[in-house]
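Chain lettering (A, B, C and D) follows the sequence in which the chains are written, and residue indices restart at 1 in each chain.
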Amino acid sequence: MSSPQIAGAVVRRWLALALETVAAHEEELGRLDAAAGDGDHGATMVRGLRAAVAAAEKVNGSDGQLLAAAGAAFADAAGGASGALVGALLTTTGRTLGDGPYDTPSVVKALQAGLTMVKRLGKAQPGDKTLIDALQPFVDALAAQPPDQPLAAAWRAALPAARQGAAATASMVAKRGRSAKLGERSLGHADPGAVSLALLLQAAEAVLPSATDR
Amino acid sequence: MSSPQIAGAVVRRWLALALETVAAHEEELGRLDAAAGDGDHGATMVRGLRAAVAAAEKVNGSDGQLLAAAGAAFADAAGGASGALVGALLTTTGRTLGDGPYDTPSVVKALQAGLTMVKRLGKAQPGDKTLIDALQPFVDALAAQPPDQPLAAAWRAALPAARQGAAATASMVAKRGRSAKLGERSLGHADPGAVSLALLLQAAEAVLPSATDR
Amino acid sequence: MTRLFNDPADFREELIEGFVAAYGRLVRRVPDASGVMAVDAPQPGKVSVVVGGGSGHYPAFCGYVGPGLAAAAVMGNVFAAPSAEQVYRVTKAVASDAGVLYCYGNYSGDVLNFDMAELRCQDEGIDVRTVRVTDDVASAPRGQEEERRGIAGDFFVFKIAGAAAARGDALDEVERLARKANDRTRSFGVAFGGCTLPGQSAPLFTVAPGRMELGLGVHGEPGIQSSHMRPAREVADLLLDTLLADAPADSGSRVAVLLNGLGSTQYEEMFVLYKDINRRLLTEGLTPYKPIVNEMVTSLDMAGCSLTLCWLDDELTTLLDAPCASAAYTNM
Amino acid sequence: MTRLFNDPADFREELIEGFVAAYGRLVRRVPDASGVMAVDAPQPGKVSVVVGGGSGHYPAFCGYVGPGLAAAAVMGNVFAAPSAEQVYRVTKAVASDAGVLYCYGNYSGDVLNFDMAELRCQDEGIDVRTVRVTDDVASAPRGQEEERRGIAGDFFVFKIAGAAAARGDALDEVERLARKANDRTRSFGVAFGGCTLPGQSAPLFTVAPGRMELGLGVHGEPGIQSSHMRPAREVADLLLDTLLADAPADSGSRVAVLLNGLGSTQYEEMFVLYKDINRRLLTEGLTPYKPIVNEMVTSLDMAGCSLTLCWLDDELTTLLDAPCASAAYTNM
């Protein structure tokens, strides 16, 4: 299903699919954001992913290098809180992956670096009703997979944690970002950033090589 | 039904009834004005009549003198085109009536003077879709009554002309006032100024002494 | 819709009190009249420019009172011309030995009341002249320019008249310049939704989704014509096609430009539209002079905008550039 | 609702082009960046004040760029903070030897992006400081003032920072004064209806008839709390009760006042409300200093308004009074 031989092919295909998936949910993400924020999260993600796709087209390199370039383009085009944070996540993860091949443990390490960066920049913790509530459970679940399990299988096994994490934000009160100002009023709606992050992770499932790259 | 002995009583009672009648039609007059104008005709007439009622309270004098004072107060409080024109109509009519008693011929003469003033100021002619299209037919019909007919009866006989004149404006294209700018778009709605003028004339019916003052 | 009021019957009175309370550094209340005057008016030897009309158009009219602009504004109720009595009182308060120029949009009610006041003042020996603003090309065809109503073009005519008066020009000259500014000013607008009068709950008109009205008034009057909604660049063309077809003869290529918002059209949208207007102006060989994209003559919370062009020559340019201060427009 | 656009994806780009086309006498485009800079920026020896944020708030932020005010504005997409990359590019374009002060409303996205740019600029040896505006009392309780978001109070902080920079104050001093202005500024607002993003057809929130939202944001966020609609004089009391309960300690009695419209609230309504605000201020023994009733920080076409008080002392008064020129605010 994949051709891991072509450097960067996985990230390119992932970005294309991520854009498609998020665009299909653009309105829903906007509505979720409007509940307590400013309603632009769908538009912001689509704008960022479009730029990321275009940037990845222009770069020749490894998946890691492409991811880093895509993250920078995403951050610049998207703007806002999610632009900075998702952009930093992609860039840090990509840089940590580097220019070589990767397997489950190296992807876990790279994502953990990305997550740490997101926490450092945004100063949010799990439970604050942000994208971290989708990202952290996913990274933890991925890390809990047997290290020799092929990436695609491990990823698939970890995905429900992201989805559940995102869904669980509906019963949290926002502590960071715009919706934090609304306090109790943010209850009852999932966090848009968590939902879109789960969509990004889900899009990767279909493009990851079914055996690791090496 | 009336006590013509008390100077000014007829005009005072007319103003009170006119205010009541027009206020009951305030919204309708606003809607008619909104069709091609600015929607304020109901509010303007009510504002003007309130001030006229208050002014008449304060003046001691004949019906003619009260009418003149009421016209000035009406014009000042109402503002707009109808404030100036209806105000001038009342004032000129009142001044022409003067401080003495009146009968059908003197009322006809006074109203004709008022009508002439309205035409001079507003430069509109019958058929231009303005309050003149209610006023002119009424004055003509009143003038056509036998001179010795009591005022109340003559007035009653002339009223249908005002009502029909106002209704006929619905099929006219405005040539004066705000709605003139809308041209054909003013077709199909009666002119608010003509409708309110017919209401003013109608309110007088109930208060006019059933025998002339002298 | 209007939400903030106490008794709608007191709306004008409260708005004047609030305006004077806020901008007492520039204006004061005309005693016993519905109007405001510049703190420095009247000035001996200088013509007093008196503007006015119904309320609901802020910054028109009181927002343009101040040094270098209008000496006073007569303020009617919402969308109702001020009465002749109020125009008279305001005129008396600011009339100087140099005379008075009335400047207002050409509406039946305003003409009636200002004209009556003018007669009364002239009877008392005050030299009063009148220049009515007739910039709206939608409201009457070419050849009947003097029948047209005044919309956002008010601003340029007031500014030029006010600057000429402040410079000390004689009444004849102030009148000539205001008339010249008006003769060279054209506006055309589009509306996307009507406005709602204080105390009422329904707008004066509605525009169906996907439609727009062409040739709006600034009193919630519907447009002259209905049309389909289109992208900004086509709206720009529509506005300019209409204005250029009506351009005053032999007026050169330097144009003052005002893209005026009616109340609830977003500033950002207006800048997007202005991008296309600017491109088209340049294509036509016109040079936009110090354009203004702002709310200068509104219609309560109406959605829509109008484009005004004022073809300048050197003397008009000088007057437009002259310094002035007022609640809504300051130039330095 | 937004009606005038071409492709919503190009909205920011077209709006910047339109803004620069209109106000080229005051600003120019920052080359290769989403922002505008004053025609005279940077000035050697003078701090450059850089403001910015999402679009949709005009006159914030680009409308405040010009002599005596901000040196540049970084412009994000509608309601999206500009990216760190754009903040960085704009900073590079206007950084002077005297350093740069970032001034913007305290929102997660803005903080993230401006902070990242600040780090990057500092790495390159540019002295950058930051003062975030936190005037909205509704957004966090007393004791957590630094968590509050910035709304219309932006204006006073920008004005004071810009005046200090124009005077030639050193960066430390410009920073101190901006921070002091912010510490003495409080805002609270009410909303009657939400705004609609370009390309969308439904507003971000709606307010039921007869209701209002208290503690609005300027990004179409709903209020902190819903309440029943009331007459203007009770709205005035509500706004002032809230602000006065949160007044900075020992700040004297002279207050700069801004009654700010969010987009589609009528100016006339705001003056009616200001009448009651003014009366109440005087009752409280406060002296309103040069009040402003206008649209200074909007939220697209949102209906509502906010009241801002900035407790002045002599040094802040001097800076507020200093001359400046920009597309949206000129003082002389």
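Just so it is clear, a residue touches a chain if its C-beta (ideal position, glycine included) is under 8 Å from a C-beta of that chain, and two chains touch if they have at least 3 such contacts.
All of these numbers come straight from a predicted model, not from anything done at the bench.
By the document's definition of touch, chain A and chain D have no common neighbour.
The minimum number of touch steps linking chain A to chain B comes to 3. Seen from the Cα centre of chain D, the chain whose own Cα centre is farthest off is B.
Chain B and chain D, compared by their mean Cα positions, are separated by 54 Å.
Measuring from the averaged C-alpha position of chain B to that of chain C gives a distance of 32 Å.
Rounded to whole angstrom, the centroid-to-centroid distance between chain C and chain D, based on C-alpha atoms, equals 28 Å.
Multi-chain contact residues of chain A (touching two or more other chains) are absent. Of all residues in chain C, those touching 2 or more other chains are 78, listed in ascending order.
The touch graph of these protein chains is an open line.
A list of each chain pair in contact follows: A-D, B-C, C-D. Taken together, the chain A residues at the contact with chain D in this complex read 30, 34, 36-40, 43-44, 47, 72, 75-85, 87, 121-122, 176-183, 185.
Interface residues of chain C, counted against chain D in their complex, comprise 1-6, 11, 14-19, 21-23, 25, 55-56, 58-59, 63, 78, 192, 198, 201, 209, 212, 229, 231-233, 235, 257, 259, 263-276, 278, 288, 290-295, 298, 300-301, 303, 305, 323, 325, 328, 330-332. Contact residues on chain D toward chain A in their complex (touch as defined above): 8-9, 54, 76-86, 107-109, 112-113, 115-116, 136, 138-140, 149, 197, 199-200, 204-205, 217, 219-222, 224.
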